[in-house]
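Labels run A, B, C and D following the written order; every chain starts at residue 1.
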Amino acid sequence: VHEPLLSEKDETTVDVRESSPLPDELTREELTLPAPSEPEIARHYTRLSQMTWAIDSGPYPLGSCTMKYNPKFTEDVAVDPNAAIHPDRSARAAQGNLELQYRLQEYLGEIGGMDAVTLQPPAGAAGEFTGIAVAKAYHEHHGNDRSEVVIPASAHGTNFATAALAGYDVVELPSGDDGRVDVEALEAAVGDDTAALMLTNPNTVGLFERDIAEIADIVHDAGGLLYYDGANLNALLGRGRPGDMGFDVMHYNVHKTFATPHGGGGPGAGPVGVVDELAEFLPSPRVREADEGSGYEPFEPDNTIGKVHGFTGNWLVLIKTYAYIARLGDEGLADAAAKAVLNANYLAERIDLDVPYGPFHHEFAATAGDRDAADVAKRMLDFGVHPPTTKWPEMVPEAMLTEPTEIEGQSSLDDLAEAFNLAYADSDEALGAAPNRTAASRIDQVSAARDPRLSWQALDGE
Amino acid sequence: MSGTSGTPYAPHTDAETSAMLSAIGVDDEEALFDIPNAVAFDGDFGIESRSEREIRAECSQIFARNDDIVEFLGRGHYGHYVPSVVDHLADRAEFLTSYTQYQPEISQGFLQALFEYQSMLVELTGLPIANCSMYDAATALGEAATLADRVRSTSGDAVLVPEHLREGKRAVLENYCAGADLTVESYPMADGNADVDALADRAGDDVVMVYAENPTVRGCIEERLATIGGLAADADALFTLGSDPVSLSVLQEPASVGADVVVGEAGALGLPTAYGMGLGIFACSDEFLRQVPGRLVGAGEDAAGDRAFTLTLQTREQHIRKERATSNICTNQAWVALRAAIHAATLGPDGLVDLANDCVGEAAALADRIDDLSGAAAPVHDRHHVREFAVRVDQPAAAIAGDLETEGFAVHAIDEHLLQVCVTDLNADRTDGLVAAFEEVI
Amino acid sequence: MSGTSGTPYAPHTDAETSAMLSAIGVDDEEALFDIPNAVAFDGDFGIESRSEREIRAECSQIFARNDDIVEFLGRGHYGHYVPSVVDHLADRAEFLTSYTQYQPEISQGFLQALFEYQSMLVELTGLPIANCSMYDAATALGEAATLADRVRSTSGDAVLVPEHLREGKRAVLENYCAGADLTVESYPMADGNADVDALADRAGDDVVMVYAENPTVRGCIEERLATIGGLAADADALFTLGSDPVSLSVLQEPASVGADVVVGEAGALGLPTAYGMGLGIFACSDEFLRQVPGRLVGAGEDAAGDRAFTLTLQTREQHIRKERATSNICTNQAWVALRAAIHAATLGPDGLVDLANDCVGEAAALADRIDDLSGAAAPVHDRHHVREFAVRVDQPAAAIAGDLETEGFAVHAIDEHLLQVCVTDLNADRTDGLVAAFEEVI
Amino acid sequence: VHEPLLSEKDETTVDVRESSPLPDELTREELTLPAPSEPEIARHYTRLSQMTWAIDSGPYPLGSCTMKYNPKFTEDVAVDPNAAIHPDRSARAAQGNLELQYRLQEYLGEIGGMDAVTLQPPAGAAGEFTGIAVAKAYHEHHGNDRSEVVIPASAHGTNFATAALAGYDVVELPSGDDGRVDVEALEAAVGDDTAALMLTNPNTVGLFERDIAEIADIVHDAGGLLYYDGANLNALLGRGRPGDMGFDVMHYNVHKTFATPHGGGGPGAGPVGVVDELAEFLPSPRVREADEGSGYEPFEPDNTIGKVHGFTGNWLVLIKTYAYIARLGDEGLADAAAKAVLNANYLAERIDLDVPYGPFHHEFAATAGDRDAADVAKRMLDFGVHPPTTKWPEMVPEAMLTEPTEIEGQSSLDDLAEAFNLAYADSDEALGAAPNRTAASRIDQVSAARDPRLSWQALDGE
């Protein structure tokens, strides 16, 4: 299975200056790009799509990535041409969009137990950045000069990178023996320099931080803020809210919790919720009901950090978020969490690999023991499933972080378990040679990185 | 299909749930949750489940509350007609519902599409490296500043940006600069272009990055880009240029004027205006290969020796390098990049150049017509324009814009007596109405 | 993307065309045409090419000229809410842009989907054979009559149909019957059901087929289907029953009342009302296996011994049997059958039964409300109804229907003082408005 | 590659009487069907789609089937909810649909050179039936009792079946030595009993019937009508019109000529055009401009044959037809024919198989000579293309009837030619074992027909 590059099908060069109304010195001479016909384009991308695994292809239990089914109707809601207006319209002429933004802010506030929400961050990591920037603004506003953000070692890489991007030093907190935050270590790590502790709960091996109330007290007593990474909110829906646990600021991963499509790497959306004390620092604009109750209006929070996206974020994704929440409602959201947790526990029961930490919720980190987790994963590809996340978090040796989500049924989980078990039991030779039933066989990552060829131009002349 | 008491997207029958629970060895789902009572929640969000039909009707009614007006809006965010084939192909579930390509052996299709997107931007910018997307033009500019901070050792921390810059874009840039202790500073404009003399005076050892746009936020084509590039190079500052793929198809190639980095908005292809949703371009020269933020797709080989694509140079990224990553970006705008690539392929170089030429021609023609009205002068700047231009009005601009909106036309009020008007293929057939309304309200 | 001087869907560059022409050995494309001048045409149809954007706008404007009214229309053609997933899956290009499955080895997917559609109809009808579609209910009925003609040797040529039958359906049947020298003849109704006594009197040696509908075109459930089936069997006539898959999910199984053939409209699943576009059901008993019209998908084996699907019993069909084929049908409604199957899968048996129960319940409730109005009586027939029912009005029905249309509601006028009203999930939330309008105009 | 049946994933039985408001004697007891979840449905049909070859997969040169690219935008035009009205609406409330019908009638009339058009027939074969029924009504109206329809041996099977369905005897006309109608044989075949001659032009091996004017005279002189089968109209667009050649009645295959999607076997549409003399017999209703010029109205032709479809045919397909014609316009339509003919001639030049008849237009019948054409076709599947129509028409031994259409480019045609040549040159063993790179290997048609299993119920207990 191989599809030529567009540039291998056609390259057409246009003499730009021939047709341009501009003076020559302001233009380029020529432009060379493929000019395929529409039928060729249809075939090209149809074939490429068929060479791409997706949630609509089969199980996709990537731990911490939360690949849920993306309800088709949300696409129909989002393509409404009436919603696709220019962001610079006046509020008067954009009441529809403002209303939906307002409603979604309210929904998210309820779900997170937060007092104020911004929809602007265009992805989860952007949400983290927004949340930490808000925390920083809060501290600065109150004259506190704090330089550190504390992050558990098992946290997502984005937490560390975000803290650094916001200008903070990172203090890494090793996991406790039980896989959770070590409260004593936390007490030692937290102090006058602590701007915030970033935490996800359940954590990245699916464990609920039982000491969350104590953790919150420790951080708050030190004058720090508690940041909730929304990556694992799907496990808590209807049973726990970050706001009720003492978190001051959080981001929502609308892909992971509210089933917006991941699109092979975005667009996402990372709304941020905060408690009242932080609301004045949120990005501008937010949306509120207008005074007379006759509509909605954008407004600038008093001490806003400004903006984190050129406009109002990934609007089409936010529409899908709203539609999903409206479809599920209270009972559906709670049931999604219940079934996600049920599925993870059932699958763990069915596989031959050890799962060192528990009780876990929506995901678990199995260990491949003396096998190479990445090799086991490659072999799983041959059995018609997508493998879990491998070799992370590092607290579990040869980790296979597995999150089936609520959308798989029992037989699908049984199939997944079989793929796990067959691969895990296979010979080292078979694992090393895997995959061999896929469009491409094992790809040599090292040489691809050593001699990077990042465009078809870079391939020319080879 | 009515309201639901459970999620409609989980397949479990009661019997299956029971069987699974007993396989686990617990009595009910609640037994699987390990949440202390003190922080437990009763589940009452107050959100009532609706059927998909009800939600479609509800949202359709909400969106219908946006006024039915013709937009002559731009200022860095543009809509062009998106051919139907773009929707149909990009909406294929394999593209839309896939994750980042962590297992390249079963993701060759999307990886190749992103590789092709990168290649198109390499052609448009003349720079050898383009990543497979940032969120939007503003965040891409922010990332360029942090890149400059990493790669340029200067005596100071100044990031120079044009006086004419979208306020929102500058606000985003400032948030990125804050963490790196960079200071954003404006350089003046002269008749809609960078004032290169003033810029020459300011450029110096403390400047980390010089940013220019072509076209500018007022639609003006920058006429002395090479000079700006030279000034930046002399100051050992990064020269970052902002543009969009339609403009790039005819304007000077950024590489030819010394651009080190190109950022900008590629959502002008593949996306409707979508209330500001975007697609950030990030392209740069070879020397920054290991400092690029975001994802890169590379060509390599599989075990059979066949060409294969993979995400590469991941050691730059947050999931490996953590706090020493080149950026915190993870999820980007991959699917939007796919859309832009399909749109570009549909147009081909001829179609792109035609579209860009029309953007130049239509703007000039509309400016002429508005200029003929008494009480208005356009274009304000004696430059060539792409898509949009400023209009000087005798009366207060905000009032005129309000009156035009009442007449069914949206334009920007950008200063006390300045309006800005953007014309593309989507509204070019409505210029008669705009001109008539202008005449009415002016 | 503007108007075109060639087809936009051919990829040939001028250079390619030249190369191909010279490979063939001719100078231009015209040289390849072998059309005598006497019958040649100059190419002037007077049709101007428009861009896809222009055509979308043009058609959207045309369709907006249909009035924005709420339809309470049925009479054999129904709309139900079609879940979004049906569109998204059926629209996948592999389904939409494939041909009939003449090469089954690369068409397993569509073949399996059609096999599943057939299986669903087998369950719904209780009959062992269902083909993978006819055009619509009317043509399926016509095909049933020609089947009857082939398989029944009687002394005459009568096809008995109910007095209450859509005029258009009867007209189609008559065209099919004409070629087989069959005569279509009505049997009377008694209070909305077949008058079985009259039918018993008429049934005899010259009857080839007896047709009944359940529900009838007036929405009445037939209460004595087994009696009708017995009468037909006694006369050695084919008993053909008309229905739809929603009704079939709760009403008596056709096989249980002696139906030899089931025809009807399955477009109530998977299709919007679509101005009458349909999906014809054709199911029958085993004895007619080699007399079935249209396509059949069967399960078989491939060379590896794996289960595989294929079009089968093609020797019945026109492309092999020519004038001795069981029908002239070739292209049928395969993609619509796919849609119906996806819709049925989405509903599941629970959802189908719920929908059918609602169709019974809503009709009864609406009839009650209309019956409460002075000047109207409903339902006219003392029967159980599915979706729709007749209403007797004191004033002329056509005038009332016209007035209702002015109020924004469409109903049928079916006789001088009879209206007919159809309520489904799509308009059940608008019954308040209808009742109010009724009260207004009656 | 194998996807379980829906019934193998789930079977749920519902007790109908438990919930039904109806008396038990009017209902069934229970209903058993699959009840898959939406995610399972999405995966099922996504996988099935990927196991289905389509025009968007690659070349599909099925002779006489005309697999052209189906422009995507026509789908967007057709899904307009405003167009999806109930057919029983009053004309007053359906002006939009009536207008589009009227416009399409006019377009088709121009393209065929016909005076009046009905859009009602829901497929090509239904169009044939309509056309022959109209011819029959014409003869009956004029008191002519004619019992025969003359059809060339090489014609589509539908022609024969249609004539029979309409109650006519079929007179089969053998091909002349040059592959065209043998005018002498025609003269012998035609007479007082001749109701019509059905002809396609170019014929099914792509040859233009050069003697069409003489043929028309012969038929007309005998009092018969000339019927045009529109299957090959794509080859004539802009260069010849059936009406100008003396045809009295024709059907249009909107899939073959106007690129509406074939949908794996429909829905199609088979509008019928006739000359003035036959217009009064067309199905009812047709659409005309209303008297005052203020709109459009349906009307019943004076001596209409009645109806051939319950309502107004396959409306959504007709919308796509309109959109395609509007997109191409005069020049585009003519160019489609030019490129279709160019492609057929180029491909024939490139293949090693003989093509006995010519000069052909949009399609040609190559002969596999001493190889089995069906086996050669199966082997072609292994080279990633769809093969041509095989073993038909019978005038060419081991025929491979090939029609690339205008949408293929030179390189695509070269690929096709290579597949032809490789398969044709392959060993008998290889051909007999083919295909072996496909989802299913060679399927045993004979046993499938001998023991027909036509439903999942029929598979139960196996």
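In the analysis below, a residue touches a chain if its C-beta (ideal position, glycine included) is under 8 Å from a C-beta of that chain, and two chains touch if they have at least 3 such contacts.
These numbers come from a predicted model, not from an experiment.
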{"item": "Partner chains shared by subunit A and subunit B (touch criterion as defined above)", "value": "C, D"}
{"item": "Between the pairs C-D and A-C, the one where more C-beta pairs touch", "value": "C-D"}
{"item": "Length of the line joining the C-alpha centres of subunit A and subunit C, rounded to whole Å", "value": "46"}
{"item": "Subunit C and subunit D, separation of their C-alpha mean positions in angstrom", "value": "19"}
{"item": "Interface hub residues of subunit C, defined as touching at least two other chains", "value": "8-11, 52, 56, 83-85, 87-89, 91-94, 346, 351"}
{"item": "Per-residue overlap in subunit D, given as positions that touch at least 2 other chains", "value": "12, 36-40, 42, 46-47, 50, 54-57, 69, 71-73, 75-76, 407, 409, 412"}
{"item": "Overall pattern in which the protein chains touch one another (line/ring/star/complete/other)", "value": "complete"}
{"item": "Residues on subunit D engaged by subunit A in the complex (per definition of touch)", "value": "9, 37-40, 42-43, 46-47, 50, 54-58, 69, 71-72, 407, 409, 411-412"}
{"item": "Partner subunit C, residues of subunit A touching it in the complex", "value": "12, 36-40, 42, 46, 71-73, 75-76"}
{"item": "Contact set on subunit C toward subunit B in their complex", "value": "1, 52-53, 56, 81, 83-84, 88, 91-93, 346-347, 351"}
{"item": "Partner subunit A, residues of subunit C touching it in the complex", "value": "8-11, 13, 83-85, 87-89, 93-94"}
